[in-house]
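Naming follows writing order (A, B, C, D and E), and every chain is counted from residue 1.
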Amino acid sequence: MKKIGVADTTFARFDMGGAAVDELKSNGTGFKIIRYTVPGIKDLPVACKKLFEEQDCDIVIALGMPGSKPIDKTCAHEASIGLIKTQLMCNKHILEVFVHEDETDEEKTLAWLAEKRSREHAINCLNLLFKPENLTKNAGKGLREGFRDAGPLRM
Amino acid sequence: MKKIGVADTTFARFDMGGAAVDELKSNGTGFKIIRYTVPGIKDLPVACKKLFEEQDCDIVIALGMPGSKPIDKTCAHEASIGLIKTQLMCNKHILEVFVHEDETDEEKTLAWLAEKRSREHAINCLNLLFKPENLTKNAGKGLREGFRDAGPLRM
Amino acid sequence: MKKIGVADTTFARFDMGGAAVDELKSNGTGFKIIRYTVPGIKDLPVACKKLFEEQDCDIVIALGMPGSKPIDKTCAHEASIGLIKTQLMCNKHILEVFVHEDETDEEKTLAWLAEKRSREHAINCLNLLFKPENLTKNAGKGLREGFRDAGPLRM
Amino acid sequence: MKKIGVADTTFARFDMGGAAVDELKSNGTGFKIIRYTVPGIKDLPVACKKLFEEQDCDIVIALGMPGSKPIDKTCAHEASIGLIKTQLMCNKHILEVFVHEDETDEEKTLAWLAEKRSREHAINCLNLLFKPENLTKNAGKGLREGFRDAGPLRM
Amino acid sequence: MKKIGVADTTFARFDMGGAAVDELKSNGTGFKIIRYTVPGIKDLPVACKKLFEEQDCDIVIALGMPGSKPIDKTCAHEASIGLIKTQLMCNKHILEVFVHEDETDEEKTLAWLAEKRSREHAINCLNLLFKPENLTKNAGKGLREGFRDAGPLRM
């Protein structure tokens, strides 16, 4: 049975991990979910590595909500570099689901976005794990997670 | 028989992977192509690593279309660092083919650019794999992929 | 018995390491604390690695106080990348506790912040080590270390 | 017999690799030169690694000419990080010889600079390999490659 | 007997390595010093790695003088990342001693700063190697190398 890790933070202002878990459960069976919560996004890379190596996960969804200040952008950048490095060390995918606090002005919209993006990446996760052909048929289609798809270029 | 990996994304707004595959097939034989589509450019490094280590590819073309916002530039930077790291871990070339959405204003021109750059890097890929002397004889010639060659400096 | 490393600097203008040690001791038993002081934050990554590999620590708190100039921000960025890399090499958590000199104008407030953030991360450290479920139940709750919690988004 | 790798690009607008090879040949014997040309500077790190590991080179000169746009500066930064990583993986020196297209306005001057810097780093390469004492005696002397030496500080 | 590496550059405009060596010799015995000079700061990481692995050094002081242009800042950043990586690969400290050409306007003051910072880090080096307790007792004391100590925050 496949194992899916869900790594999230206490820093985020929305339960993105909960949304991802719910979406995973609503869309499939035959896998086990392991949740791991850390303080902030910079703690996510090693959390994912532990999920791979100590919990034997096959794939991980890493969710976080960077703040709007320059230092927060730097943190997100450092976390992302670490998440990519982790994937290369483990040869496994991590779906990075970051929602930046300044992507929208309204708290309500931000919550909507955090939920939607988490859920859509949960689907990406299932596709990568069980149905990669679903991704291939959407190659170059301008898909977006959260906000509306950009769609293919009009020629 | 050599294996060429083609890694692309559902985020891109043009089927760059398809263009690369078509160009490869039009310009040679004696190799097998393996396609792998992921959600976004930050998923490309581990996708390439898997193509090398799980699919036994000899070289990979990694294609993506970063957006125009600052966060997109950061993502592209992170992906590029990861792609270089992957090459160093595997001792194999990855041709990075990124087309930035703000390289041109017109959707039509952007599509043209995405296709042209993908095809020209497919040729680079074949040269690196089968005819490295084609590259050596063009050393310092100011070649560009996509837009017009800059050409050698006028002295 | 678990071992907790506390790595700090002579550059910092407040004894953050001392605050962390005091908080650890006030909140638990059954662990040993190992202190390691280096000149600046860029010396922290290898200090943490030595705490893991030569002192057998299970987790490390790394504390520092970057200055307010652009070069200080760059140093902090380099240190953070190194701290994340260290965690990935050792498969163990490092709680990074950085207080930037320009987070507040008043020296007194800065000292208050340095102490509070160090103490709150000491609690995070104990939770990661002994009670990870304390973190999971706070997932997405908008917690902050030092200043007031942001709290969950209002929907 | 020592082996010196010369890695260059088709992107550069001057045959920097050719200049380096010529300078090496004019200044020594007892070594073999291996040339490897790739499309752009981001392809240089793995090219150097292959020169070390597959061609058994003892040192490599890596030459390129980054463009003047922000994206080109980012590429150069990524390539440099990769070149440093390569050196650390292989325990061997890579002389990075980059000439930025915006270091001067005149094409003619740029060509002069590209040639001069390539040749002066070829000498550095020979010194590192055969006469490290030549470098030690110039420690702190404010040497520059290409443009005029800055010289020691006037006290 | 302990071995201390001193890595410096021909690019620097002051003999920082010489100052460090002199300070080391004036403050202790029972160690051997190994000097290694490279062209620029980006050559320092692998130079340090060679000092550790080929010369068996226990610690290294890496000294350089980045210029004042944006490209010089980028070089210093790349070198720093490499120096941190080297430390993590070797589990040994490198004291990075960089003096930026724009830290002061006067050549004379810059020379003073380069000498002072090099000497003060030589003392840090001896403390890390022989008397780490000297650092611990100065934790959080706001020490600076070169310019005047900032001192602890006033509360």
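Quick note on the criterion: contacts are C-beta pairs under 8 Å (C-beta built on N, C-alpha and C of every residue); 3 or more make two chains touch, one makes a residue touch a chain.
Remember, predicted model here, so these are calculated numbers, not experimental data.
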Joint neighbours of chain E and chain C, given as chain labels: none
Angle of the C-alpha superposing rotation, chain A to chain E, to the nearest 5 degrees: 145
Distance between the centres, which are taken as Cα means, of chain E and chain D, whole angstrom: 25
Distance between chain centroids, defined by C-alpha means - chain C, chain D (Å): 41
Contacts with 2+ other chains: residues of chain E: 81, 85
Give the chain order around the ring, anchored at chain A and oriented so that chain C comes second. A, C, E, D, B
Chain C partner, complex, touching residues on chain E are 73, 77, 80-81, 83-85, 87-88, 91-96, 100, 121, 124, 128, 132, 135-136, 138-145, 150-155
Of all residues in chain C, which touch chain E in the complex? 8-18, 35-39, 42-43, 45-47, 49-50, 53-54, 71, 74-75, 78-79, 81-82, 85-86, 89, 107-108, 110-111, 114
